[in-house]
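The chains carry the letters A, B and C, assigned in the order they are written, with residues numbered from 1 in each.
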Amino acid sequence: MNDMTLLERSVEQTEIKISAQDVQVWYGEKHAIKDVNVDLLDKTVTAFIGPSGCGKSTFLRCLNRMNDTIESCRVGGRIALDGEDIYDRRVDPVQLRARVGMVFQKPNPFPKSIYDNVAYGPRIHGLARNRAELDEIVEKSLRGAALWNEVKDRLGEPGTGLSGGQQQRLCIARAVATQPEVLLMDEPCSALDPIATSQVEELIDQLRAEFSVVIVTHSMQQAARVSQKTAFFHLGNLVEYGNTDDIFTNPRDPRTESYISGRIG
Amino acid sequence: MPVSWTLLIVLALAAVGYVVTRARAIAQAGGDVRRLHSRPSYHGWHAALLTALPALFLIAIWRFVQPSAEVTPLTPLALLLAAAGLAFALIRTAPGFRARNAVENMVKGLLILCSIIAILTTAGIVFSMLFETGHFFQKYSWQDFFFGTTWSPKFGGGSQLGILPLLWGTIYISLIALAVSVPIGLFAAIYMSEYASVRLRSVAKPAIEVLAGIPTIVYGLFALITVGPALRDWFAQPMGLGSSASSVMTAGLVMGIMLIPFVSSLSDDIINAVPQSLRDGALGLGSTQSETVRKVVLPAALPGIVGAVLLAASRAIGETMIVVLGAGAAARMDLNPFEAMTTITVKIVSQLTGDNDFAAPETLVAFALGLTLFVTTLVLNIVALYVVRKYREQYE
Amino acid sequence: MSDATIEGAPRATQPKSSLLVADPHTRRRHAAEARFRAYGLGAIVISMVMLVVLLFTILTGGIGAFRQTYLEIPVTLEDAQLDKNGNRDPADLGKVLTLTYGKLLQQSLEKVVADKGIAIADLSAKDLSGLISKEAPARLRDQVLANPDLIGQTITARVLVNGRIDGYYKGRVTMDSALRDANTSPAQLQLADALKAQGMLATKWNWSFLTSPDASDQRPEAAGVGIAILGSLYMMLVVLVLAVPIGVAASIYLEEFAPKNRWTDIIEVNISNLAAVPSIVFGILGLAAFINFGGLPQSAPIVGGLVLTLMTLPTIIIATRAALKAVPPSIRDAALGVGASRMQSVFHHVLPLAMPGILTGTIIGMAQALGETAPLLLIGMVAFVKNFPSAPPEGLFEPASALPVQVYNWTQRADPAFIERASGAIIVLLVFLLCMNVLAILLRRRFERRW
């Protein structure tokens, strides 16, 4: 059954995973996101770019309801995951986040061992029946995050002892271990050095085979390198959305053009 | 001449010194204060301090070293010293004299002196107790004190002064107090920082702080007139466990209530020091809030919480009024929590109140008890403060 | 990642299960969540309930101390008994013993009982005389000595009644308990009822609880917290005069001038440890250092004040340093930048800005000191004090009590009426503490500054 799922996914490359319609976000009185409409595809890396404060991170956090943890935040409109509205009253954000994982700006490994960091998600969601299965998930996730060879001999050591790039890949492994369908990444390389960045970028490209990846980045070069689709945000509006190549070579909106050419931002 | 008169004269001399020196400085500058290195008032202060400080120190030291001298050459000596200081200041006064620097150095000296008082206090505590404890161990063997299982002071000799029953009572009561305060305080702190609405927090936080501001004598009275009789009538007697209102349970419960705000405010600080990014990380993986707290926040905060519990334990061991009024006076080593037992602090109070004969081991034993208490709590505090400090550095 | 499929591991739930339906595993997790929340809420509720129960029992138990039962009877102050020479000479009047006044009161009461035709079975002479407090004759004597012109007149004397009678009207004593009580009897209570019916006996507001000194074991009805309040005030005065300047000076040095070396490190560790030293240890220090070594008198507010000063210093130092730390370095830089010395920048700029924080910390430290009991027990503040100390500075060296110690003192007495007094004294103490804390909060609000 699992193989079948995988097979199914790999053929349907353009299936819509998340569909957002008329999304609005308010922080107290501040209207942070205005009328955003976007369809995010499965098995695709989508990059959100835009000047800082444009709302790209805010919108990203709407996709797995991380904004729920901020008391003054209200979300309007409709965001559907596989056709189901994630802001429906009956939806349990906990279940949602198991399917829409997230990697944060600063690597935030838990103060536990490397193994326990990766095993955290599978444990709370009850994904493994026994230790052997858990070991298997941990190994696969670490391999998936291209970290296995570096840490396989020291799984019991604290995750906080790794280097910055390793920590971020550990966080990606941790997110992958939960077996999500969508992976949200909020500027995952902003705290990393260039070598670690290129490792993580390479990893993102591999992850595309399994998941729908949404990445927020402040670096246009990075967006161009890793994404197939790009969305440009400006002052809370989604200005332009399309194939990455088109956005960077032939932007339709003057604001996108100014940003890409470095006049604003 | 009484000391207070000497004091007044010295202070008056200092005031005179201020006025005269200030005027002299201005006169030397020919009325143009810009020609002075320091403002005229600094010259004045320089003289005032030089006049008053040496004389005041002399008086203080004299009083301390020789509290009851019949013939006191103190007054003339002090006045001489004050006058000398004044004369010296007057001679030094000159337009180029750096009066401000001199005054500031003297003030700095005073500040240093004040901060040394803390050290002196500790030294005072240690020496006063070591001294009398030494006396005690000359009259009573230390083996019998530390390993004796009977406490029965008798006036007229033949006392048995073993600390073990007191230690047992202290530990038993403290354990009950911690068993009450740690879960309640910790859960209250968790709920307050992770769940509570702004409105609940605005009510509950001050209420718990009020609990912290209530003097321990009030808790003691509460134990004596409310908790003790209630426990006896509802639990101890029906269950056939005793008929005493003062008991380990009474004191432990009330002390537990007293420690709730202490534990909860410490834990609150510690839980809030856990970075938000860790919470986000756990929530982003689909943890429920309680899973985030139990599996990420609490393990991360564990060292800090251990430190808080140690501090609470040190509080419980040193607490006096609640046990004096709630635990009873019978030194006993028993497991029944509804039995009256006693603690180190209770016995310090009972051996040192009333008429004291500082030659009798029955009185001197209080100092040995005090020293034991001091060392125990000091060790707990040092370990706790070290653990908490290390914990904080981890997230800074 | 060629063949390593992430989906390889079996999962407990269908990957594509609907978001709208919670699976059993998730439901169990949410049940655990709800339980966890309930524990937290329970902990808060328990704390709040304890606070309410604590305050409620103290308030209901202590409010009685502010009401006292008095008897108002006509007393003829006859020359023959009080001033045999008839010259109103204070020296002669002073020789008349309290005992005489006691007899006078007893006769007056007997006369009232006879005049009003109050007849009660089994009423012994002891019941009758015992109705009036043992403290009453002394107070009547003081009244006469203060105003000798009263002699020869018939005045309406307002006298205290026995604590048992007072307790009867406060619900502490009943006819049943009186039967078993050697100090009262049902007949005595009936007499009190009869006098009450005549309007001569009533329970009224009792200011003298706040102004009178302590009273001996047999006279709970006369005991007050006057000396205790005064003693506590004297000690607070000492703490204010010593702890605040020393504490602030020490903080200024440690925060603004001290070099970072081992020596200052030791001072800092020392201060944080002193803050956690059990208070009773400070009592031992006070006994050994100030009384045995320094030769200061026992029971004196100066010793209590010194002990509390040492105890409060760490609190004040920690609060003051926090306040100084909160002043941004830019202020110091600004002062230094215009050529002020370090000392000038601290005293002219930093200290005034830190003042509200220092004041708040000081008040909280003093509130702690006000409620402290244990160390005062060891320096003899438990002694029975009947005479008010004189004004400072001499008064600081005379025996006095302190509010919390008075509470402890009363809990050690046999008569249960003293428990009411103890709770009453706690109410007084809590009112003082409340005032200090409100002051601290107001100061913080008033001067709160955002950088």
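Just so it is clear, contacts are C-beta pairs under 8 Å (C-beta built on N, C-alpha and C of every residue); 3 or more make two chains touch, one makes a residue touch a chain.
Being a predicted model, the structure only gives us computed values, none of them experimental.
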Which chain's C-alpha centroid is most distant from that of chain C?
A
Hey, which chain is the most central one here, using CA centres?
B
As a quick test, compute the distance in whole Å between the mean CA positions of chain A and chain C.
61
At what distance in angstrom does the C-alpha mean of chain B lie from that of chain A?
53
Report, in whole Å, the distance between the mean C-alpha point of chain B and the mean C-alpha point of chain C.
20
Which residue numbers or ranges of chain B touch two or more of the other chains?
288, 291
Can you list the chain A residues in contact with two or more other chains?
94-96, 99, 124-125
Could you list the positions in chain C whose residues touch two or more of the other chains?
29-30
Can you list the chain B residues touching chain A in their complex?
198, 275, 277-288, 291, 295-296, 299-300
Considering only the defined contacts, which chain B positions touch chain C in the complex?
4, 64, 67-68, 100-101, 104, 107-108, 110-112, 114-119, 121-122, 124-125, 128-129, 131-132, 183-188, 190-192, 194-196, 200, 204, 207-208, 210-211, 213-222, 224-226, 257, 260-261, 264, 288-291, 293-294, 311, 314-315, 317-321, 324-325, 345, 348-349, 352-353, 358, 366-367, 370, 373-374, 377-378, 381-382, 385
Taking the complex as given, what residues does chain C use to touch chain A?
1, 4-12, 15-16, 18-23, 25-26, 29-30
Within their complex, state which residues of chain A touch chain B.
64, 66, 69, 71, 94-99, 101-104, 106, 108-112, 120-121, 124-125, 171, 174-175, 178, 184
Chain C contact footprint on chain A (complex, rising order):
2-3, 5-6, 81-82, 84, 86, 88, 90-92, 94-96, 99, 122, 124-129, 133, 136-137, 140-141, 143-144, 176, 179, 181, 206, 209-210
